[in-house]
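Below are two complexes that have subunit A in common, paired first with subunit B and then with subunit C.
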Partner chain A sequence: MKRYNKTIIVLVLISGVALVLPQFMYFKKLRIVANEIISALFCLGDAFYIVMGLIFIVLVLVLLDKHWAYCAAELFCCAAFVLLLYYESQSLESLPLEKTEFSRLSFGPGMWLWLASTAGVIIKASERVKLKWWLPLIISISALLIAALAVEGRLDGLAVMKEYYSQKSMYLENLITHITITLGVMAAAIIIGVPLGYLVQKSKAAEKITFSIINITETIPGISFIALLMIPFALLSTKYPELRQFGIKQFGAGPACVALTFYAVFPIVHNTRAGFKLVDGNFVEVAKAMGMSGSTIFFKIMLPLAFPAIINGIRIAAVYTVTGTTLASMIGGGGLGYYMLQTDSMDTVLLGAIPVVIMAFSIDKGLRSAVRLLPFVGEKRSIEGAERGI
Partner chain B sequence: MKKAISMVLAVAMMATMLVGCGKKSEEKKVVNADDPIVLMLPSTSEYEIIGYMTLLALEKGGYACENKIGAISGLDMLREMMLSDECDITMGYTGNGMYYMEEEGEKVWNSLQDGYARIKDYDKKTNNVDWLSPAPANNTELLAVTKEFAAANNIEDMYDFAEYVNNGGELKLATPQYWVEYAQGLPGMEKAYGFKVAENQLVIGAKAEKEVSEGTDGMNCTMIFTTDGRIDELGLYVIKDPLEIPPVYAPCLVAKGAVMEAYPEIADLTNAFMKTLTTEVLIGLNRKVDSEGADPETVARDYLVSIGLLDAE
Partner chain C sequence: MIRLESIRKDYGSMTAVKDLSLEIPAGEICVLLGLSGCGKSTTLRMINKLIPPSSGHIYINGKDADEYPVEKLRQSMGYVVQSIGLFPHFTVAENIATVPRLLKWDNARLDRRIREMLMMVGLDYDTYSKKYPNELSGGEAQRVGVARALAADPPILLMDEPFGAVDPLSRKHLQNEFLKIQRELKKTVIFVTHDVEEAIKLGDKIAIMNCGELQEYDTPEGLIIRCKNQFVKDFLGSEYAIRVLARFSAGGIAHERDAKSEVCVPASENLQVALSVMIERGSSSLTVTSQDGTSVGSISIGDIVDVLRNTEN
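Moving on to the complex of A and B:
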């Protein structure tokens, strides 16, 4: 008997069930209250059958259990997502409900379930797809399509877009601030963390001092750490106002950057130390026997071998930093936290969360594949070890 | 390739310079060109709207401002902002003076003018911080229920509410911690109107306007700020308080003493719109931001135009 890929079939079925749930979307007359909870059929009208048809095709494709079928299944899932967004937004006009000019449609439990299960289908299908460029390609195309629709104003019925329009004046600035803080913190953390990681596996004293500091700062919750750091920043800024132009201010990104750097240094130091510790002593011995000098051994043998672990430390730190930068907006540092901390409407939170998730995801994926592509990483074992963060 | 990049950069630089020069020549004289006034306000609709009104009014008066409106998420840092050198103008509420002076429960805070005079005097003397003229509004703490609940149980004012509670009516009341702890909060209400909310009827933590509106977990009553713009959309009814138990919280711009000394004109420029902001006006403006999703700057600009302080664009 043929062995079916059960997980993916279940996921496709869930995605189909999600479409017929009565709580698919929320209709909001104004900004906050969900006045009506509507089903996909009611919301989408005839377009419902198109999306349902696509999901049915995906079901047939995964039942076929062929390589090309999984490729096509991924494509149809992405197409269904783009179409769903488009038709949801377009349907706002024609809904037979009492509306105002501020009315909007917001994702309900059904839509979230559909998104989660369809994402699961795509991930599961990608395990069977051998073409490594296929999924990134169709995801980028879908992202471009969605971006084009958004720019064209075709997604204006969705609450997230409505929120974007009311926050438009500062949005780009906050996004850029968020990226700048993340990059700045990461640069500082790498410059401090990597040499420190090398140092701690060389000297016991350095190890003791370093770890007693970063192990403590790691356990302080982000918000309180930032609040604590505001005190020295305030003292410095009052005493030497000329320091303010360099960002030494009580209110601003300064305290948040310092706190985030401490957090980011932690995984980098640990991974760098582990990376150097795991370098096989035999390689170093052989290099010595060949007459290599100390610095040549370091740059030609030790650093390349430790590199995957270091990059993975940086990856963990970067993902933490891009999400942690949210805290900067609590004390005047700007960034996307401004939207994520406004909890009145879920859609404002999404406005901040979506770019953060995209950034975290691409950093993670990007650095993971960077490690795999490194020319001098031959052994698969060392990658896996590095990914576990030892 | 390098050449192309440097060409692009050069063109971009020239363009910026040209645009910059173009702008400068149009602008009128600025009083404080190298020392902009820093406006720093938390990211809550009322603060942001009044912040933008101040920004627009000052810019029209010829002052350069640094816009830090909405830069601080949450209100925890408000007092630090008032006292910090890094912020020239922010906003406070007269009633909060009782926390700043650590005299919770004093009667003086129940009067707008007396409370204002007291905190103004105190902050001028101890911190050299000026409280400018307050708006004739009161963003105080009262209880709110849904409109249906109020109609079904004939609740119009706190006497009716007391009767409802005393008759054993079902109640689940959401409130922040501080409001159950001081004499002008819930304990004051209980004493004045003669009722007692049992401990198991309280949900202490935060206000829960949205939850009461949706009836989440059987929540049917919450503490609410009275200029909340969402009252209408959420379908809430704010229970009247004829004895005026809680203190008066009138919005009030707070400026550094040094700034007011250098530019005393600011007081008049801002008072021109502050004196028009009654509780009803503030509810309407907050509603535009909170319920209709308007941009606070647009709301502020439209309002200033509507009262004739700003020319329509």
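Moving on to the complex of A and C:
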């Protein structure tokens, strides 16, 4: 008897069930009024059958259990997502409900369940797909399509877009602040972390001191650490008011940046240390025996060999920092965290969360593939080693 | 020429090398032979100063090694080790170019040298120069290792069990090729191994070490004929007298007398093979033939038995 890939079949079935759940979407007449629950059929009209058809095709494809079928299943899942967004947005016009110019549609439990299960289908399918570029390609195309639709105003029916329009004036500024903080923190963390990681594997004393500091800060939750750091910042700025122009003040991005740098330094130090430790002593000895000087050995042999592990540390730190920067807005530091703290509307939260997720995802994927592209990381020895080191 | 003068290496209370004196003539292969932990690798590493000796002196071409700048000294010594040792982030060409780059050769000269070295070790330039070490087989990697050690044309070659990690067939092949290269280049080679057969095959002279002490230093034939040292006898084993035969070619001892035997062996074949042929065919003499098949003389089993003594005289 044929052994089916049960997990993926169940996931496809769940996505089908999600589509027929009565609480598929929410309709809101105004920004802050009670949700009106609507079903997918009611919301999408005829497009409901198109999406249902796509899900059915995906089911057939995964039952075929072939390489090309999984490729196609991934494609249809992405297509279904883009179509859903489009038709949901478009349907706002035609809904037989009382509307205002602030009326909007937002995702209900059904849509979230559909999203989660479809993401699951894509992930499970990608395990069977050997073409490594296929999924990144179709995800990028879908993302571009969605972006184009959003720019064209075709997604304006969705609550996220409505929120965007109401926040528009500040949005770009907050996005830039977010990116600036992330880049600044990462630059500081790399400048501190990489040399420290090297030092730590050279000297026992440095190792002890560094790791006792890191271990303490690591156990303090981010938000309390920022609160703690506000004290010295406040003291400094009252004593030396001229420092305020450099961001040394109680409120603002300062304390958050320092705290985030601490957290970002941690994986970089760890991975740099592991990277250098994992450099096979044989290579160093051979380099020495060939008459290389100490600095040549460091720059030509040790650093390049430790490089994949260091980049992995930077990757982990960058993903952490881009998400962690949301904390900055809690003390008036700006950034996308501002939207994520707007608890009155789920859609404003999304407005902050979507770019953060996209950035974190691209940093992660980008640096991962950058490391994999290094010609000598054939067996990914250093990567796995570095991941063990964390 | 390399001369070690009562060098000694202590690690705390343990002595790795005990008052070792050794003279290695230029252009010869000296094999350091012994069990693991006998101090042979330590000795080798003291020569290129990877390990500083606790006492004693090393002279290179009559000059104390300490008088040379350490990096210059090492650049003049090729180094080949068992563990691949090729830098994984360098291509084959870059690996070979390591020492010449340190010596600041220009690109044209470098490229010419890389082609030359790859050809010498029997690897195709176009196929291999751009490859990374993780794409090579053990044997290929070892060839590149030898090419890298010889790239800057150093007068001295230090080899630490260079063929230890390859399969027996490739090892034999690599040994033969190495001998061929050595016959041309005439480097002063110090070769560390624990494989008696390899030592006899490659060594012009063999230094047998035990527990950090030099037991015997002689030619392979001399070791078998003259050696009274019980450790050396046990270590070499009785069958190694037969191994030494591999060092002589049939053509070298063929007598120009009537070659009556039907059984033939090419002149280029070694005496170990010749003896084996005699046993296999039940014949006590052989006709030695040149490349075109004509007889150049004959050898008898007596000639083989006497060969070691004859060469010594």
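Note that the second predicted complex is superposed on the first by the 382 of 390 C-alpha atoms of A that agree within 3 Å, B and C clash if a C-alpha of one lies under 4 Å from a C-alpha of the other, contacts with A are read in each partner's own complex, and residues count from 1 in each chain.
Note that in this section a residue touches a chain if its C-beta (ideal position, glycine included) is under 8 Å from a C-beta of that chain, and two chains touch if they have at least 3 such contacts.
These numbers come from a predicted model, not from an experiment.
**Student:** Both complexes share subunit A, so when I overlay them there, do subunit B and subunit C fit or clash?
**Tutor:** On the shared subunit A, the partners fit.
**Student:** What is the value, to the nearest 10 degrees, of the angle subtended at the Cα centroid of subunit A by the Cα centroids of subunit B and subunit C?
**Tutor:** Apex at subunit A; the opening toward subunit B and subunit C is 150 degrees.
**Student:** If we overlay the two complexes on their shared chain A, which of subunit B and subunit C does A:A234 touch? Say first, second, both or neither.
**Tutor:** In the superposition, A:A234 contacts subunit B only.
**Student:** Which of the two partners, first being subunit B and second being subunit C, lies in contact with A:Q342: first, second, both, or neither?
**Tutor:** In the superposed model, A:Q342 contacts subunit B only, not subunit C.
**Student:** More residues of subunit A in touch with subunit C or with subunit B?
**Tutor:** B
**Student:** Looking at the overlay, what does A:P96 touch: subunit B (first), subunit C (second), both, or neither?
**Tutor:** After superposition on chain A, A:P96 lies in contact with neither partner.
**Student:** For A:P221 in the superposed arrangement: first (subunit B), second (subunit C), both or neither?
**Tutor:** In the superposed model, A:P221 contacts neither subunit B nor subunit C.
**Student:** Determine the nearest approach in Å between the Cα atoms of subunit B and those of subunit C after overlaying the two structures.
**Tutor:** 28
**Student:** For subunit A, what residues appear in both contact lists, the one with subunit B and the one with subunit C?
**Tutor:** none
**Student:** Note which residues of subunit A are touching subunit C in the complex, please.
**Tutor:** 280, 282-283, 285-293, 296, 301, 304-305, 374-376, 378-379
**Student:** Over in the complex, which subunit C residues touch subunit A? Could you list them?
**Tutor:** Counting only subunit C, the residues touching subunit A are 48, 50, 71-77, 79, 81, 83, 85, 87-89, 98-99, 102, 132-135, 158.
**Student:** Would you tell me which residues of subunit B are touching subunit A in their complex?
**Tutor:** 40, 43, 68, 70-74, 76-77, 80-81, 84-87, 210, 213-214, 230, 233-235, 289-295, 297
**Student:** Which bits of subunit A are touching subunit B when the two form their complex?
**Tutor:** Within the complex, subunit A contacts subunit B at residues 29-33, 100, 102, 162-163, 165-170, 230, 234, 237-238, 241, 244, 249-252, 329-332, 334, 337-338, 341-342, 344.
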